[in-house]
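Let me begin by handing over the structure; questions about it come next.
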Amino acid sequence: MNLISNYFNTSIWTIVSFILVIFLILIPLASFLSYSFFTVDGTDIIREFSLFNFKEFFVDEIYIRTFVRTIFLAIIVMTCCIILGYPVAFFLARYAGRYKYAILLMLIIPLFMSYIIKIYMMRSILGYSGLINKVLAMLGLIEKPLEFFLWNQNSVIITLVIILLPLIIIPTFTSLDKIPKNIIEASFDLGCKPFQAFKYIIFPISFPGLVVGSIFVFILALGDFVTPQLVGGTSGFTYGKIIYSNFGMAFNWPFGAALASVLLFVSVIIILLTNYLTKRLNR
Amino acid sequence: MSEILELKNVSKQYGNTKVLDNINFKINNNEFFTILGSSGSGKSTIIRMIGGFTKPSTGEIIYENKMINDEPIFKRPFNTVFQDYALFPNMNVFDNVGFGLKIKNINKDEIKKKVLDVLAVVGLENFSNRMPQELSGGQQQRVALARAIICEPKIILLDEPLGALDAELRKQMQLFLKEIQKKIQITFIFITHDQEEAIFLSDRIAVLNNHKFEQVGSPKDLYYSPQTTYMAKFFGECNLINCQVVNQDTNSIKVKSEFGDFVIPKNNNVSHELEFVYGIRPEEVKLVNKNENSMQVKIKDISFKGSTSTINVANEKGDAFLKIQNISSNISQSLSKGASINIEFNTKLGSIFTE
Amino acid sequence: MTRSENFTKYILAGLTGLIVAALYAPIVLTIFYSFYKSRKGKIDWSSFSYEPYTKLIFERQILESLMNSIYVGIVTVICSVIIGFYFANYYHTSKSKMKELLQFIIFLPFLLPPIITGLSLLIFFREINLPRSLNTVVIGHTIFVLAIVFKIILNKLETLKPSLMESAYDLGASKWQAFYYVLLPNIKLSLIIAGLLAFTISLDETLITLFLIGNDTTWPIKLWAKMRVGFSKQVNASVTLILILTSLLVLLIASIISRSEKKIMY
């Protein structure tokens, strides 16, 4: 018998708490899923079961193509975040000494800083007369401002990486930081070269943290609809943007719901898969 | 002495695992009662059932002739000193000790007076403003005890309270506990896995083995009249010898053993089994000159322990062994390995186990 | 340290520096533009002024959206901490197998793309005829931050020894007394940390809010709307103020955490 439970652990409270969760999380999810089987007629929603939306999704190849393209986009963002984030987390955990938490904090703060502003400012950094072009021109590397950075896929990737990077650094750092120094020393003692120590000891231990961070980045990049719209120009037509526009101007909620349910399906599979993988690795 | 608490046929099961099996005992008023057992033997569960933190699966807990199985914790006139002390880290020593009184809405002046009194009893009168984490292990222990005493419980339950202390401090706290129990005249139920501690502190000891009580009695009872071979080996060492009855009369039994024949006094407890195990402490084996009751054995080795020595011996055939202790080193020096000696048992202090 | 390891160290330090710079670049620029003007990409160094900050008082729309955001943040904190504590306590003490399921459900809105949480609540509110308002935003934010609040409080509860509450009961405390005098003071810091974090997240939440907001606007939504027409310097000034507030909140959280870690749990 645990005594803390006595507070509210009358069955009434338990029931209330479950009702709360069911009403605020499960029923909304269920109603959104059921919407994906409805159709619209003008502004009226026809509440009859129909696979019309899904048929549309598969028949009109623009949706599948956008979906696949968005998945690729998210994978690129995730890969960039891993490539940039892992070394930083490694540096913090291994070399930053007593400054590690201070630097980590510096990396965390931007995560909470205005999302919209970051996107907006990325425009003036990446743009035709933006900061990057100016710096490059000043260094004499380019004669004419590059258009490489704005209103295309690249700008979406760069912006998302800037926004999401802390999310991969934090969990990776946490798992790297847990590695006791003497484990690494022991591996040297047993004849490991630095790279071998990294390959056989450090990387495997930090892997679960890296996976958690990567999944966060991937899912958020996959579902983001504001960033592509604001910096992506014509190539900002990502899957999230299509979903959102069905709830806005296009006003076809059932179709938006159907598109979103595909996104939900993919996300849930990825979450479950990660959960399964990290549990197996921890064993 | 009047009886204060009784456990009657108490058993506890978690799912299919039996933690306690048919526990029976009675505790007298003002007694220092110890439950001794190895870790995992279920000793903490007994105290938790008395304190009300968990309920027995079957059986009754009787306090002053009333069944209290279903009495909630805060209604029981018992207080617990936890193994990890469980001091409230958010309160200083004064507030920790005064907590039980504050809960009862006793006025502040009275609380203050009582807390200072109790802190004086445990020798911490100058520590009332300290936070628990600023105290040493022994001091935390005293605060935990003071916190229990101040509620004036009828019984204080101590769940291995000295377990976390180092050897030196442990000795000090044992003395302290014994003194304080005499001073405040409250029944203590104490839990430990340490035999020496149990013998030193207790009026009576219950030995828990394999989820059951092996024996309950005063330390002397347990040492000199163990009822099972487990008990014989549990306290100190004991030579166990397989015996067969050769013949018996009204006063004595003559038995045959691997070491030879010997005579033991007959007392009423001895059943009429023809085979039994005879237990004799190593220090109750005496070196003697050959006589009609003595047995001849061969010395296997002699280990020097200072003023006394310990000798291991074997029978003539070499298939049975005995340990002899407390042999004056003066004597043992004149003995050598392989030599034959004659021994005799101090049969007044031997035990017979039929099982 | 070998020479090659030293080399690695400096390379990594350089990379870390670059990344910190990249993460802060948009923020620093915003602050910069709240003081200086630029024209056609050229910065006018003589244009320094505090004026946007003083003029901010007259920007009713911005101030209103700020007040809305703070209202949403505070109500979100209250709701999420209470519900989060209840669930954490339930999870910590219950032996029921349902609790794993409960945890999974609580984590769903946090793990799924925000767009899913946003539109499913939008559809649900429409189905039950609940008009969109700041309160629907509060519900969305509460569900979103609940997982974090739950986890922070649960972690704290798990560090408490069971004997702590048992001894309170043993000394005669009723369940509310044990809660008030023993449990609450000992988990207080985790409640504060969870609350501050919930507030910080709520203040900047955009993706879910976009679906749930009615005629009012919260501050990020106001920015989103203003963005199409370009930011005025007053907007930049308001952003600067909020950035300072957020950084202070995060620093406060960090200092509480590091201070509570220094306390020796005996």
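As written, the chains take the letters A, B and C, and residue 1 is the first residue of each chain.
We adopt the following convention: a contact is a pair of C-beta atoms (placed from the backbone, for glycine too) under 8 Å apart; a residue touches a chain by one contact, two chains touch by 3 or more.
These numbers were taken from a predicted model, which means no experiment stands behind them.
A.B. asks: Measuring centre to centre with C-alpha atoms, which chain is farthest from subunit B?
C.D. replies: A
A.B. asks: Mind having a look at which chain is the central one, using mean CA positions?
C.D. replies: Answer by centroid distance: C.
A.B. asks: Could you work out how far the Cα centre of subunit A sits from that of subunit C, in whole Å?
C.D. replies: 17
A.B. asks: Express in whole angstrom the distance between the two chain centres, defined as the mean CA positions of subunit A and subunit B.
C.D. replies: The computed centroid separation for subunit A versus subunit B comes out at 62 Å.
A.B. asks: Please work out the Cα centroid separation of subunit B and subunit C, and write it as a whole number of Å.
C.D. replies: 57
A.B. asks: Check each residue of subunit C and list the ones that touch at least two other chains.
C.D. replies: 166, 169
A.B. asks: Note the residues in subunit B that touch 2 or more other chains, in rising order.
C.D. replies: Counting only residues that touch two or more other chains, subunit B contributes 53, 73.
A.B. asks: Give the residues of subunit A that touch two or more other chains, as numbers and ranges in rising order.
C.D. replies: 3
A.B. asks: List the residues on subunit B that touch subunit C in their complex, please.
C.D. replies: Spelled out, the residues of subunit B in touch with subunit C are 51, 53, 73-74, 78-80, 82-84, 86, 88-91, 99-100, 102-104, 132-133, 140, 147-148, 151.
A.B. asks: What part of subunit C is in contact with subunit A in the complex they form?
C.D. replies: Touch residues, subunit C against subunit A: 2, 4-5, 9, 12-13, 15-16, 19-20, 22-27, 29-30, 40-41, 83, 86-87, 89-90, 92-94, 98, 102, 105-106, 108-109, 111-117, 119-124, 127, 139, 142-143, 157, 162, 165-166, 169, 175-176, 178-179, 183, 200-201, 204, 206-207, 210-211, 220, 223-224, 227, 231, 239, 242-243, 246-247, 249-251, 254, 258.
A.B. asks: Can you check the complex and tell me which residues of subunit C touch subunit B?
C.D. replies: It is residues 161, 163-164, 166-174, 177, 181-182, 185-186, 263-266 of subunit C that touch subunit B.
A.B. asks: Please give the residue numbers of subunit A that touch subunit C in the complex, ascending.
C.D. replies: 2-9, 13-14, 17-18, 20-21, 24-29, 31-32, 35, 84, 87-88, 90-92, 95-96, 101, 103, 105-110, 112-118, 120-122, 124-125, 129-131, 134, 162, 165-166, 194, 219-220, 222-226, 230, 240, 243-244, 247, 253, 256-257, 260, 263-264, 267-268, 271
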